[in-house]
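Per-chain numbering from 1; labels A, B, C, D and E assigned in written order.
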Amino acid sequence: MPCNRCHTGVERGPVAGLPPVSLCVRCHKRFIPEHPEIVKLVEMYESGEPIRWRKINAMPPAAAVQFHHAAHIKAAVACETCHGDVSNMTLAVRVVNTADMGWCVDCHVENEASIDCLTCHH
Amino acid sequence: MSERTALTLACTDDVHLAEVLDRAQLVDGSRVRDVRSSSPLAPSLAERVPTRIPRVPIFAILGGGLGGLAADLIASLTAQADPMITGHMPIVAAPPVGIITYEGIALGAVLATTLGVLIECRLPSSRRNSEVASRVARGELVVTLDVPANAADELSRLAEPITR
Amino acid sequence: MTRWGMVVDTDRCTGCEACVVACAEENNVQTVGEEEAKKGRAMHWLRIERAVEGTFPEVSVKFRPVMCQQCGEAPCEPVCPVYATYHTDEGLNAMVYSRCVGTRFCANNCPYTVRTFNWFDPEFPEPLDRQLNPDVSVRVDGVMEKCTFCVQRIKEGQRTAKGEDRDVEDGDIQPACASACAAQVFTFGDLEDPESKAAKLSKSPRARHLLADLGTLPGVIYLEDQEWNPGTDVS
Amino acid sequence: MTNDLQERENRLVGRLSLDRFRPGLVVGAGLTGLVALVFFYAWGIQLRDGIGVAGINRPVFWGVYITTFVFWIGISHAGTLISAILRVTGAEWRRPVTRCAEAITLFALSVGGLFPILHMGRAWKVYFMLPIPNSRGLWPNFRSPLMWDAAAITAYIVGSFLYLSLPLIPDMAILRDRSKGWRRRVFGLFALGWQGSAQQWRSLESGIKVMAVVIIPLAVSVHTIVSWDFAMTQVPMWTSTIFGPYFVVGAIYSGIAMLMIAMALLRWGMDLGDYLSDKVFNNLGLLFCAMTLAWGYFTFAEHLTVWYANEVAEARVLWSRFTGKWAGPFWTMVIVNFVIPICVLPFRWGRKPLPTALVSLGVLVGMWLERFLIIVPSLELPRLAYTLGDYTPSSIELMVLIGSVGLFAFFYFAFTMNVPIISVWEVREGWEHENSHSGAAAAAAAPQTDARTPEPAGGGS
Amino acid sequence: MKRRTFLKTSALAAGASLLQSCAEDEQYLVQPLERQPGRPGVSRWLNSVCGQCQAGCGTRIRIVDGDARKIEGQPDHPINHGGLCALGQAGLQDHYNPDRVRTPLTRSGSRGSAGPLEELAWHDGLAQAARAIAAASPESLYVVSGGRSAYVDALLARLTQALGAAPPAIGQVPGAETERAALARILGPGRALPAYDIAAADYVLSIGPAFLDRGHQPVQGTWAMAQVRSATAGRRGKLVQAEARMSQTAAFADEWLPIRPGTEGVLARAIAGALAEGGLLREGSQAALYSQLFPAAAPSIEEAAATCDVPAPTIARLAAELGRADRPLVLAGGSAALTRNGEFSTLAALAINLLLAGFDREGGVSVSEPAAGYDFRDLGEIEAGARSGGTYVVVEADPVHTRPEGRGWREALSAAESVIVLGSFIDETALYADVLLPLHSDIERFGAVEASGIARPTVSLARSAVAPLYDTRHPGEIVLALGAALDQRDALPWDSFDAAAQAAFDARYDDGTGGAWSQALDGGAFQAERAEAVLPEKLAAFDGPEPPASTADGELTLVLFESAKYGDGRGANKPWLQELPDTMTTFMWSSWAEISVADSQTQGIRTGDLVEIRSAQGKITVPAAVRPGARPGTVAVPLGGGYTDYGRYAAERGENPLALVGAETVAGTTAAALVGTGVSLRRVGPGDPAIYGRGLRDAEQIPTGWASMAKGGDH
């Protein structure tokens, strides 16, 4: 199942975004509806209560860094490169230390992307 | 050649030491090994004790060179590692690099000098002779002579020998 | 090669300060509050200077918007020990917040005193935080900041152009102050593109640099006030 | 003679009395230690709440912190530089002075070195300024005068430490051999197994000589570079070519002042009058007097050029010092730094311990003011008059200032408690030189030694 | 290393246990239930209409993830041409203001205090309001509107009419009433405002109005002056400002005449005389009409010079320049309309355009008809009438704060039977409300504003740009709901505000196709042809009082003005505007009193000192701003300070100068005379106001050079 099925913003905008609960529910009505987590989800949806997802790959605010998803997708960077093989995770975990600038820089250098500070830090 | 013996004598002061040395000279084949004191010997006496010229200055020069080189490399190479333009200055600007190098020289020199002193003095060392030490601490001058065994007794009469 | 620059026509500035608010709005510049403002810690990236000449009744006042001059040979850059501020190949005087350690040396060495410093963490009482521009990082305490020529808009413009496989055209990119100004005081553009409006205006005989004798080669060019000349004006 | 030499050495070591509990020093260390805590308390508040707790603002981005930084670095020129000069010139009267001077250097540097970190907006990022390999591939910018500072101060603090430590080794040995129990072991540790052999003395002395030669240009460079933090800029009245020598002279000046006070206190507190004698005060006082004149000359030159050239931006700063809001501090500085010293120091009575100490107190205040007046008025009056500022230090800044004095004093007390504050072996060497000047006496004494009957063998063993 | 770890280490050294470690910064994404419009993180720009003042500038709102991030002007909008003013830019801080009223509130305590206020459901609130209105006798029902949207006011007018009550009173730009009256004396009865085609003029003489600071069309004025001055227009035009205070407009002008307040009319008359005598009349000059209007001989230039304190040669030169210019234009009103003889001053200035053939020509004067033909009255008419009890409906207005103390609003509202307030904040009027019905912010509401003071009738339209943050409503919807509750269905038959607005719009502008409305709604604005200003054959002579209202000897003249950042005070609750350094004085977070260098020296007042200003009506204490540009003998204080309540950012900042003003009106009208009150000034002591670039003291005197050796260079 492709990531952008739900994270619709990823090709067009800076952030991938999360699907509305309605979307999750629509599918999960059919798939594993009896899974306790899914039951919880449906309940939350019916009670009209939004879900607070914990951000796993959060940039520390002090890093003052701007990451633009679409630009990377356009450059054919696979989601897994940063997010790891989420599809095989039961609980999403941070595979890349997003706070480690060196990791970003190496990739930029390999792919001859700009390593001017302002590219990300503004 | 008759066998020799090392004789360690404690002198009360410079004059006494001078006298001992004079006598020792008359005995042929006798050599002054070392004098220990709680403050530097008076020049007149010091020159009668065989010592090497310390190589501390050489250490200093070498250390300065190394330190300077290291600093110069750090300053110029790191600048080239991420060549960022600031105020339209050259990436490797001579004056700043020069200043850093200068400090590097100084740092290297002081470190090397200390190292040199320690090496020249054979420090730190664990060789201790509490007897000698306490006498030196009392302000006496402890001279160690290398003399023929037959002359030992005679010389021992001049100053109190320290038994080992 | 690009050299971003801005031409400021002081003859048109009415001192309405819409640009100042627009700048704070676009760039998440914090409001420090009365007590801090009293200490002289207001954070405006852009200020309207007014030069008062003469004594009553012959008093004349000139308005002059002053923001970071994006100097070609910037005094603020070399003094930073950690490259938090440096010069980009597009002629921008970059400021990297996350690299800044807060020695404030750059601010001392800025002859235009346009750099501002975060003395404390910013506060945006809910729901004011919902206004923050997501394209601009909110600065934490202890870091320097200043006018960036709205670099986020420059990046956005370049991204859009790239997406459409074309070059950035003159006028595509407008900093917040320029787009807010009703009198079109600000003209932003590439000074090295001879066709750009900014480049043309910068050739005007009225064009001046601020504190030109310091040789900082600013990217901001001021067009001096012009006098009303009855000779040419009245038929 | 030896016994008499030994007598004198015993008396000196007795005065230093490192084996006894000395309430004076302990209380002093305790009190100053408390004051030192203020320093860390204030710094803690600043780290928690943000640098904004200091009074600095826009455009006065630097204030008391940098002033005090320059002040302490200046003080640090007391010891090492002075003692090095005296050693190189072979001034005999230096012997009792060198160590207590070098100690000042080490501690002033340690305290002053904290200030650049303390004044940073994000002190916890200080490692950005170290050239350590990192994943970012970023290095410090050695084109920045602040990096020159870092390099110079590092070199100087290491140098001063070693320059202080080398001559300490023989003294440690002396103490080791004079003391018992754990003290003996501790001193033994620091003595590194020193035996006092002729070779060791020779190497040590040559080492000290070399070090002295290296230290002098190093010390000069340090304060020159500190001055360049200002002189490299475009700030009115900062960008001046004579700042280097101006600051160095000022540094030595304030350094001597601090040394004078330290010596006076030691002399009274530890009854070291025989060693830190009036002669020492007199000679150092002459040097002090010379520095007064040098400082006055530089200050005059610095202000004269600006006054005559009358360039707008700089003149503004000048007049805010002469007649403006900073006139008070400025003229105070002139009085305590020049008028008073020049009225006192040229006279023999003025170079006695008490007068010099009092003058020195004034000079310390004056030199702090000088740095303050160099930094603040210039920043208050930038070239574009629209952003004029004004600056008043905040309570936190003052706490840090006072606390730093406490911290320095605490270090000094602790040092005096545990280490001979006067270099025993050097002083003794001095006495010997005095004796050997009367070589005739030694020759005359020679015959008597014939009659000497040795003590019974093994008597000593 | 993180600050935390660093703190720990240093805390160890310091032994300071008081250092708490900072909270871990965890980030969450709140996932919406249904799909939001727009892509995540991608910005959309939606049109809206600025509601910060009556000008009706078209705005575009940048929206990211459902939140508005930025306001900008619509590039090709006929009013603001892409620009905005500071007030408009700060509109977002109206929308996101932490002190916004979030639900209907009702009072359980006594009026005039902040609390206790209880939350209320909408239907209860509306019911309570309806009951109060129903209970009121028609003649004692007072409806007050801030006049932000003509279409809302039109609904109010219909409601009052249906209830048989007096028409709503509309709060207006200071001087507007007088300007209307003056124009009526030329064009015959009517309530049109004079409108000026500044952009096309090449010589502008503004006698009174600081039209760049605020006024009817500040942004358009700014744009227009850019046109006048733009090098592209071939010849650079000239602006001459005759005004007692050095406003930003005066500072911007090529020439400023610091005229004695209240004597503007005399200057105008003298210029007119010089034009006539100097043979500077042009083809189409209406000399006859002018002389019918002012039969008496114009004062000589010398007399005028003496009265107005403007050099005689200057007056002569102005006349000459006016006469020779291609498209000269004289602006009237503004501060000149606020003195007691304001009508004379305004009329005299306006009438010069008769001699310049300035009516109905390019770069001349035309009329701005009142919006969508509804009846309204001036606030002054309510204040003038005897008020006992009464029921008040206040819509987006704060008369308690923005009307002079002498107009007795506090007393009236305390004594009222009931007070219904439609507003977004607890301002000083809301403190008296029995029911407070919260409103949408500009960008939340359906915007329909008919501009005033603009030559071509212009309507700005826009749909709601963002979803409402709170449980608020559109004022129009509320009026409709009240109408329904009071069963006035036939008077207010629409079930939504945009329907009502469209009906009103079509009634006036639709050409039958019905396309205009939808076009305007998509395009952001509709602009009709210029309304004809038909000059009559004959004019009645002006019979109002002419002599300038002079203040007693030794007293100073108080000049109140709307600053660019506070306006009439509405800007005071926005942190951006509070911290905005006033361009002329650089004051922040406070109001101030502008004092001339001469007056400051007599009392030893320095910028920043606290001064007490006392009038017959009351006294205020504000920091002084000594200004070279201030006219000796005057004290100028901006409106909008000293709110007792209006949110955390506005409350208790500066003082409200209207406390100094009594019940004086502009002769011949009910408008408040905000200029000309006699006051006395006293230094209270040193103050500590927030001033940008605090070194700026004593009228920009900075010590430089040898001169200050004698003077002593304190800055």
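Please note the rule applied: contacts are C-beta pairs under 8 Å (C-beta built on N, C-alpha and C of every residue); 3 or more make two chains touch, one makes a residue touch a chain.
Owing to the predicted nature of the structure, the values given are computational and were not obtained by experimental measurement.
K.L.:
Quick check on the contact network: minimum steps from chain A to chain B?
P.N.:
Minimal hop count between chain A and chain B: 2.
K.L.:
For which chain is the distance between its Cα centroid and the global protein Cα centroid smallest?
P.N.:
So the chain sitting closest to the middle is C.
K.L.:
Which chain lies the greatest distance away from chain A when centres are computed from Cα atoms alone?
P.N.:
B
K.L.:
Count the C-beta pairs in contact for D-E and for A-C, then report the pair with the higher count.
P.N.:
By the number of C-beta pairs in contact, the winner is D-E.
K.L.:
Would you kindly tell me how far, in whole Å, the mean C-alpha position of chain D lies from that of chain C?
P.N.:
Here chain C and chain D have centroids separated by 46 Å.
K.L.:
For chain B and chain D, what's the span in angstrom between their mean Cα positions?
P.N.:
28
K.L.:
Touching two or more other chains, which residues of chain C qualify?
P.N.:
Chain C, residues with two or more chain partners: 40, 42, 47, 50, 75, 78, 80, 83, 86, 89, 99, 134, 143.
K.L.:
For chain E, give me the residues that contact two or more of the other chains.
P.N.:
Only 41, 692-694, 700 qualify.
K.L.:
Scan chain B for residues touching two or more other chains and write them down.
P.N.:
Counting only residues that touch two or more other chains, chain B contributes 82, 84, 86, 89.
K.L.:
Would you please name all pairs of chains that touch?
P.N.:
A-C, A-D, A-E, B-C, B-D, C-D, C-E, D-E
K.L.:
Could you list, by residue number, the parts of chain E that touch chain D in their complex?
P.N.:
These residues of chain E touch chain D: 1-3, 5-7, 10-11, 13-16, 18-20, 692-696, 700, 702-706, 708-709, 712-715.
K.L.:
Tell me, which parts of chain A touch chain E in their complex?
P.N.:
8-9, 12-23, 45, 48, 50-55, 58, 60-61, 69
K.L.:
For the complex, give me every residue of chain D touching chain A.
P.N.:
Per the stated touch rule, the residues are 134-137.
K.L.:
Can you tell me which positions in chain C touch chain B when the two form their complex?
P.N.:
Residues in contact with chain B: 72-78, 80, 83, 85-87, 89.
K.L.:
Can you list the chain C residues touching chain A in their complex?
P.N.:
86, 88-89, 92, 94, 96-99, 134-140, 143, 148, 151-152, 155, 159, 163
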